[in-house]
């Protein structure tokens, strides 16, 4: 029985890049984190220590900075597409290149009702993400959102579930539903304007979350995914991960304080994690 | 030479509390982290293990939740004032109580130009903070902001500094100035409306940062502090910590790519840290 | 074209559990983090909000604590096996259960050459991990290590790699090789004693890392994986992720200080990430 | 009423440095994080943006790397002493320099009963720390430990504390006492060998923690501090921060499982925080 190399890849992670695009009326500031990962003919790198087909991860990093000047001008999806194309076409030993980009949100400061031309404030932890993968024949583009922290204070219930000998949870017809959502969707047909698509899908996800009469996280998750597929013919499938950031009612009754479902213990751990993909048949 | 107990305190940290205030037109959602710290007659607790004067930190935590129902209705400063008053007046062995609160920012979702009545999105890592301290004679209130991530893409220079044998930094008349600011100010005269004061001071800090022609972080920091003191007679002093989140120009010239000060390496470490207090004579 | 539910699962994550096993001569202290994840007939939970087949994640958490008393007595693998068996056999709607456990390392304090009977010190961030998955027909067990931070100060080179227009990295025949390794291996034949297997494989990984004359991270990774497969017939395959924690020589020559490859900038980001599976043909 | 600059300082934080000291028999590997902070005549830097007296934080960082070659050969205390001396004596505008260093623990791999000459494994999150401060007249040196995660499974009680209307905690004569301790002590008389002092004090802290029959965290903390002062005449005072990492008994009785104080919920938040200084009269 021979021992051999199986699935393998390598690349540079956490390439932190910022860019100023100096427009006539204002400065556009962008900040991204880039991961590059390559697959290909790396057998002898592993078995013999032969680096002849290894493009160093340091060079991958330099490439990201060098190409950002001319090719990171619009969406992160367009930049990622350029990067995977570069690696696959210039490196014959590379059979597949994957580029992931997360874009940090910044907003121009709003002063006296106008956006300042060059002063920015962070938009928080929420990030616009993309994952682009290319091999000799095909290319796939997915876009998404990470760290989308949303909640609703009502219109969320959780009832009529299984009870067994370890059940202590009480049924509730009115609870806080809070989640730090990760979403990604895959395009069937690559759109002309990724940023416009992103804004539209993000708005629809928020709208659906807000308006849904939730009977469970699962049901709200599915409703959000279905809404996107119904409205966006170019989206093939969408995956959502919804960790349940529990807000547990604090027991005021033990102190003879009347209970009106208003004071909660906000917890991080443990957390329920609900995830699913919604797709077209 | 006798060995003895010096400065000491104890309390509960990271009490995570959320509250829904059900207003006629909408649900107000609030989330805070509370630290309680007590000083007093705790000598024998340390030297003898006598707990007769110890209010357990678990009880302190319960107290925060129990009092939040009736006393966390407006600002975090008002709630902290109530809590320190409670601990100092109900616990004769406590000579000084300190309560710190950080409030997480949440915004009601904006859909079709209107704020949703009960769906929220995180406002990011920036937090409104307060530290209230009370002993038998006096009370002090400071308010502040933590994790305020702001930047400007121009109007920032750093030149004419000391050069020695270890200098490699190049002077620049145009750099990115980015910082994750911590600010706190102390009130001389306690305001009637802390939230209004907070909003006004925060806006002034942002406005000053944006408009300042910066020759150094020190100069911008001082300008921000001075602006607050000039505009707010009730503020006694203000302290700012401004870690410099460096965006270092990437050397494109080594690849014969024309350099226009547009591509940067965004770094977290190491970081410059500038801090100062600005006050009235 | 119909929209439908695809892959989905749900469960409780980050269930933090500690246990004291009171042995005659000493107290054994164990601390673990448990993730439970279930797949099954959850279609109507998503599409209709019907929770009739949903075992709440809160109950899953209670189950972990309740079963730990009688069934977490030896290895985390044995406990995970019991948990997946419990969920699959008691819940007919569950087609597949996955339990991941990470065990925190603690060592009894060594005082006067003897292990203290009940005082412990943390063994650091390194954790023993397992992932056990069961469906109606089969069961799979993998064990592993996370956050294994190891380094060697010599016997590591990186030379003769591809150079292109973006190359700036210098070849080196003597560098620091540092990595925070994640390893997991899958058993073909379930061993009688998982802890003994774990200790033996961990020792072999460390020994191989230490003794290897490394021409690249890839080559060291492969050598480590191969060594385990050669020595452990019951291991089917092994996967290693080796992020390269770069220690970059600081340029002392610019200050006319003789350079002897001794002072380094320790960096976290960006980082090279090398990963591969080694298996039997 | 004039507005003026109060307390201020600036410097470089998180300078990550590693060093190989090539000894005849083995390679000594060291990794440290350094913070530099300067006070002095920086009024006009703040008020006028005049940088004539500013040594850039980038130069401070370079200085740390440059001086490490010849002056980081033994303890972090000795290196910090050299650094503060350098800044105060070469920079006339600096009235006070503070250097903090945290050293990461690494151990040579133990294989076949012998330490490997150049392969290391992390010693975990615990760090040896120092803070050295120098002005024109005086110098102070404190040493310490951070992130010291220790626990004992018995010999810890918490009883006879105050009960009020918000008390729910049950008295216990046998609980887990766990803490992630931060300790620092100040030397009265600077020792010849800081590393020997450190090892001796650390051993005494652990021994006292392990052997103490604890009636409260406060009592154990005081015992640990007193033991160090009694045994080390050169130590002037010692401060300890002991966050209580609660392990809360899981209520098995609700499931009719006999309770033997063996299964616990390990929690991070909220946490009790006990801190005190122990000193000589």
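All chains are identified by letter, namely A, B, C and D, in their written order; residue positions are counted from 1 within each chain.
Here, contacts are C-beta pairs under 8 Å (C-beta built on N, C-alpha and C of every residue); 3 or more make two chains touch, one makes a residue touch a chain.
Values in this document were obtained by computation on a predicted structure and should not be read as measured data.
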Using the contact definition given at the top, which chains are in touch with both chain A and chain C? B, D
Where centres are the averaged C-alpha coordinates, which chain has the largest centre distance to chain B? C
Same or different interface residues for chain A and chain B, judged by whether over half of the residue numbers are used by both? same
Calculate how many whole Å lie between the centre of chain A and the centre of chain B, each centre taken as the average of the chain's C-alpha atoms. 29
How many angstrom between the C-alpha centroids of chain C and chain B? 37
Residues touching two or more other chains, restricted to chain D: which are they? 16, 62, 66, 166, 168, 255, 268-269
Where on chain B is chain D touching in the complex? 1-16, 35, 37, 42, 45-59, 61-63, 66, 90-91, 158-162, 164, 166-169, 214-219, 221-222, 226, 229-230, 237, 243-244, 268-281
Which residues of chain A touch chain D in their complex? 165-166, 168, 254-255, 268-269
What residues on chain C touch chain D, complex-wise? 16-22, 27, 29, 31, 62, 65-66, 68-69, 106, 109, 111, 116, 118-126, 148-155, 176, 203, 206-207, 209-210, 247, 250, 252, 255, 257, 261-268
